[in-house]
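Have a look at the structure that comes next, please.
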Amino acid sequence: MTAELPRPLRGFVAPRVTPLVDRDALDVAGLERLIEHILAGGVHGLFILGTTGEAPSLSYRLRNEVIRRACRQVAGRVPVLVGITDTSFIETIHLAQAAAAAGAQGVVLAPPYYFTAGQSELLAYLEALAPEMPLPLYLYNMPSHTKLVFQPALVRQAADLPNVVGLKDSSANMIYFHELLHLFEGRRDFSLLVGPEELLAETLMLGGHGGINGGANFFPRLYVDLYEAARAKDLDRVGMLHRQVIRISTTIYSVTRDSSSYLRGLKCALSCLGLCDDFLAEPFRRFGEAEREKIRGYLADLKLL
Amino acid sequence: MTAELPRPLRGFVAPRVTPLVDRDALDVAGLERLIEHILAGGVHGLFILGTTGEAPSLSYRLRNEVIRRACRQVAGRVPVLVGITDTSFIETIHLAQAAAAAGAQGVVLAPPYYFTAGQSELLAYLEALAPEMPLPLYLYNMPSHTKLVFQPALVRQAADLPNVVGLKDSSANMIYFHELLHLFEGRRDFSLLVGPEELLAETLMLGGHGGINGGANFFPRLYVDLYEAARAKDLDRVGMLHRQVIRISTTIYSVTRDSSSYLRGLKCALSCLGLCDDFLAEPFRRFGEAEREKIRGYLADLKLL
Amino acid sequence: MTAELPRPLRGFVAPRVTPLVDRDALDVAGLERLIEHILAGGVHGLFILGTTGEAPSLSYRLRNEVIRRACRQVAGRVPVLVGITDTSFIETIHLAQAAAAAGAQGVVLAPPYYFTAGQSELLAYLEALAPEMPLPLYLYNMPSHTKLVFQPALVRQAADLPNVVGLKDSSANMIYFHELLHLFEGRRDFSLLVGPEELLAETLMLGGHGGINGGANFFPRLYVDLYEAARAKDLDRVGMLHRQVIRISTTIYSVTRDSSSYLRGLKCALSCLGLCDDFLAEPFRRFGEAEREKIRGYLADLKLL
Amino acid sequence: MTAELPRPLRGFVAPRVTPLVDRDALDVAGLERLIEHILAGGVHGLFILGTTGEAPSLSYRLRNEVIRRACRQVAGRVPVLVGITDTSFIETIHLAQAAAAAGAQGVVLAPPYYFTAGQSELLAYLEALAPEMPLPLYLYNMPSHTKLVFQPALVRQAADLPNVVGLKDSSANMIYFHELLHLFEGRRDFSLLVGPEELLAETLMLGGHGGINGGANFFPRLYVDLYEAARAKDLDRVGMLHRQVIRISTTIYSVTRDSSSYLRGLKCALSCLGLCDDFLAEPFRRFGEAEREKIRGYLADLKLL
């Protein structure tokens, strides 16, 4: 069985964390449990090696192992997208090839994030890279981590390059997202997906194709339900589910004020639920017992524990 | 007749531009025409001397004249809110007193914006200022211009101070706005209003009380209709009107790439429509003929010209 | 006796704090004591109503009083420069006229700091403003507070406008400063002065004309000595005095981590030394007893107490 | 013959570009010529795989080849420092091991630059990493590219970890640098080196140990002379050489306004001088003929061509 990648990709995609027992060792059993948990929630796709997957913190050996194991485990039940963002063009190509070889359905690319490239430099970069892609390519707008924005005009040009089929926006800037939706009104095969789950409801109600949101690791059904409610134009139900998402955001992801709070809270929740280990690769570290206790309380409030 | 200021203020408020014929001279006839045009569109309130009103660029003499003329012209038909943001505590008090004396219904305050105050300093500032207010006070979150954010925790504390009744958020950060809505779920008398019109649709559908959006200067009916459609839970109509708002944003407000493009485009459109002069106070200047020609075309496309 | 304003202005200028007993009331005796203390240190000029003078936080009435009292007290012994930065063109003109009427020798202007003007807008602003100046005008580059930079190319153009005679750079960006020195190598009548005292030594050794540094309020002799040592090319003495400046910066100005730490520490030190009150206008507040105790210790270490 | 790494490292170190003929192919002859050219200029060390070396843009295979070839070519004539910055802890370790195996004398590390780690997370990262280092470790403060600052308090703590021997500061913030010099006054074995060449003169005159500056690729003697003049306290000669450095900065590095202008100008100059190819790895590209013509003119003005 092989998942097909619809054009446009539409639906709710889970950006899977990478379960670890050490900085270079997977929690293999946890990874399998987690994938089954997520798929049981009804998601329409799986995204591995993104920001939530801590990809930049992992060795290349481990990233390759993650790709192989995830594709084998999913076994075509839903499309698998693989993050291939890298500061080196060559390493990005290698990751894309590994994704294709393992049977993934698409790749996801943020800008090279050490140097500060201008828009014309980014376009030239995409012009060189896109034709080399063995799989459909989603752009990944993530300015807080990459310092760079794929500006709307650039996205419009990039959409005409071979293999470029959509964009995931994690800028949290809905004006930008609405401008993209406006620009692509006539291009019905180009997917526009949102990263921050706090913005999923409005994205779906105002024309976006879907979301790729971290909470799906522990509570996939919530986000799938929100997607379905928006499709059904059930505004009351959208509002109710949206408020649950905001509750998760203001509790589980906000235990500390560090920018690592989201990832640490997410992995801690997965560990509390018995899904996988909460080890984090450098530069982050798992929560201590005090924070874990809080997370447990939040999960109980959500009736997940 | 006197407008009442409902608690919470709910609806669509127009942030009026300040029609000028010179840097220290009002376009008096334009000001009167503009107010009638806006009120004819059915707005629920008028906000003067905000960012769209170029308040910081005007002399204090002119600001006082603007307050008196606007209140007299509106004559209680809708509530009038007056921007009193200033780097000097004393001058802020003076502006609030002028607003009360002229018969305005509320005042709007962004943080003092030269020095970079911390959150506890901002709270102390509000604790000193709020009790002095002769009118209900709306906070104005405007980080791009003030460098400062009224963080959610601070807003929550400020809401317990005397006279503080709501917040206008112009951060364009919907995660922040959703967090505020979440924090104030139990406080039904506190208004949460959005600044950027591109975010009005989602604000209204997900629990916000209204918007204060510049496009209402030339096309008030559009925003009032959007407000009504959202109240009626008519998702299709909300989407259709929202797309018109985005079209305005990507055309009339985007003729140049400067950060002044919004204000210059807005005043130019008002001038094209014969509503008022397009003079801008320093540091900005009106558009030239080439940009004006574009604006005229956009207005024609919108069937406003 | 009237101070002459040399071209270029060369030397060490003290940016005086504004001694207050309340938010709208001067510490008149403190102001007089402070001016005498500073002049006794041998400074070559006095700058009032700058950032260190908390100008944006003061009412216009008080700013006018400050101008009159300072000019009267200095009585031509050194040139007096007056900060006229304002978001309103008209109010800037009023402040410049007040400075001229009181007998000041120059005015100092940062960009209007609410709206984000582009470089060409800033140039047009200066082209309109400069000819209206009744006194020689110094530009004031202060991006941390104004969000705007007077880029080198703009400064080069502005230097050809009437009345523009120099620039104070508080960007703390020495690459910018060196680029300005390079651009003005052939223009010997244009002053380039540095704001942060931590950068005074290198400024003087590498071609800058002088400094306008806050520490001169309590320890004017240190900065004047550093200026003289640099003029004498006494590198060892420059290094020794520079290390004292850094010691002040890392102690008296660094008691807290807020951005207000410099101003609060400075006024606290003046109060400990019996020179003037340490009241600060909103949005800042004076230090408490714990911080005051630390400042006292630092002053004792410096043998000032 | 083996270079010794003095404690503290003191002098002028050249951050070598990586000569390329394609994105994954070295210009081997150019690399050899370039190293000989640099060493002939009298530099005290060579730094490879830094920002100027485009390290993050290169494949790991190529980075390893660069390490081996550079160490073999230098053959112990001066110490070789190797950049090992990576977002992955494991890959950083691999690079450090390769550096040690090839005979390098030290390694240089900026923070992992995708995620935004806090200061305590950075400290924990260094606590885990430093003991694993097979060579002395220099920290590399480079906030414009990494988004993170090694704050002075963190540097002070890190200096007590095994293998940590110094810091290269490319922040261009001299207040930060002076604060570090102040903090390390008593620690005479810790090197403080500056990155931007525009700041080399003041660094050397006010207590810094040296510089690691890109201009040394084409004009090593200039920077070595500046170092010697500062050691000799010859303030006039320092000023004259400093002005030449600023001239290079405002011409060769400033042909365009992109942030890639420095690297493109530098490689173009090397190509004009016949030292190596000017190919740049993605996301950057070599200059075209128009810019090259300008660079040639600048080199002629400097009497290098």
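Before moving on, here are some points about what is shown:
Read from first to last, the chains carry the letters A, B, C and D; within each, the first residue is number 1.
In the analysis below, contacts are C-beta pairs under 8 Å (C-beta built on N, C-alpha and C of every residue); 3 or more make two chains touch, one makes a residue touch a chain.
Keep in mind it's a predicted model, so treat the numbers as computed, not measured.
Our note on geometry: chain B versus chain D, Cα centroid distance of 50 Å, whole angstroms.
The mean-CA centres of chain B and chain C are about 36 angstrom from one another, to the nearest whole unit. Measuring from the averaged C-alpha position of chain A to that of chain C gives a distance of 50 Å. Taken as a contact graph, the chains are arranged in a single closed ring, with each chain touching exactly two others. Interfaces, counted as pairs of touching chains, are A-B, A-D, B-C, C-D. Partner chain C is touched in their complex by these residues of chain B: 23-24, 51, 56-62, 87-91, 111-118, 121-122, 124-125, 128-129, 144-147, 258-260, 263, 281-285. Within the complex, the chain B residues that touch chain A are 172-175, 178-179, 181-183, 185, 196, 198-199, 201-202, 205-207, 233, 235-236, 238-239, 242-243, 246-247, 249-250.
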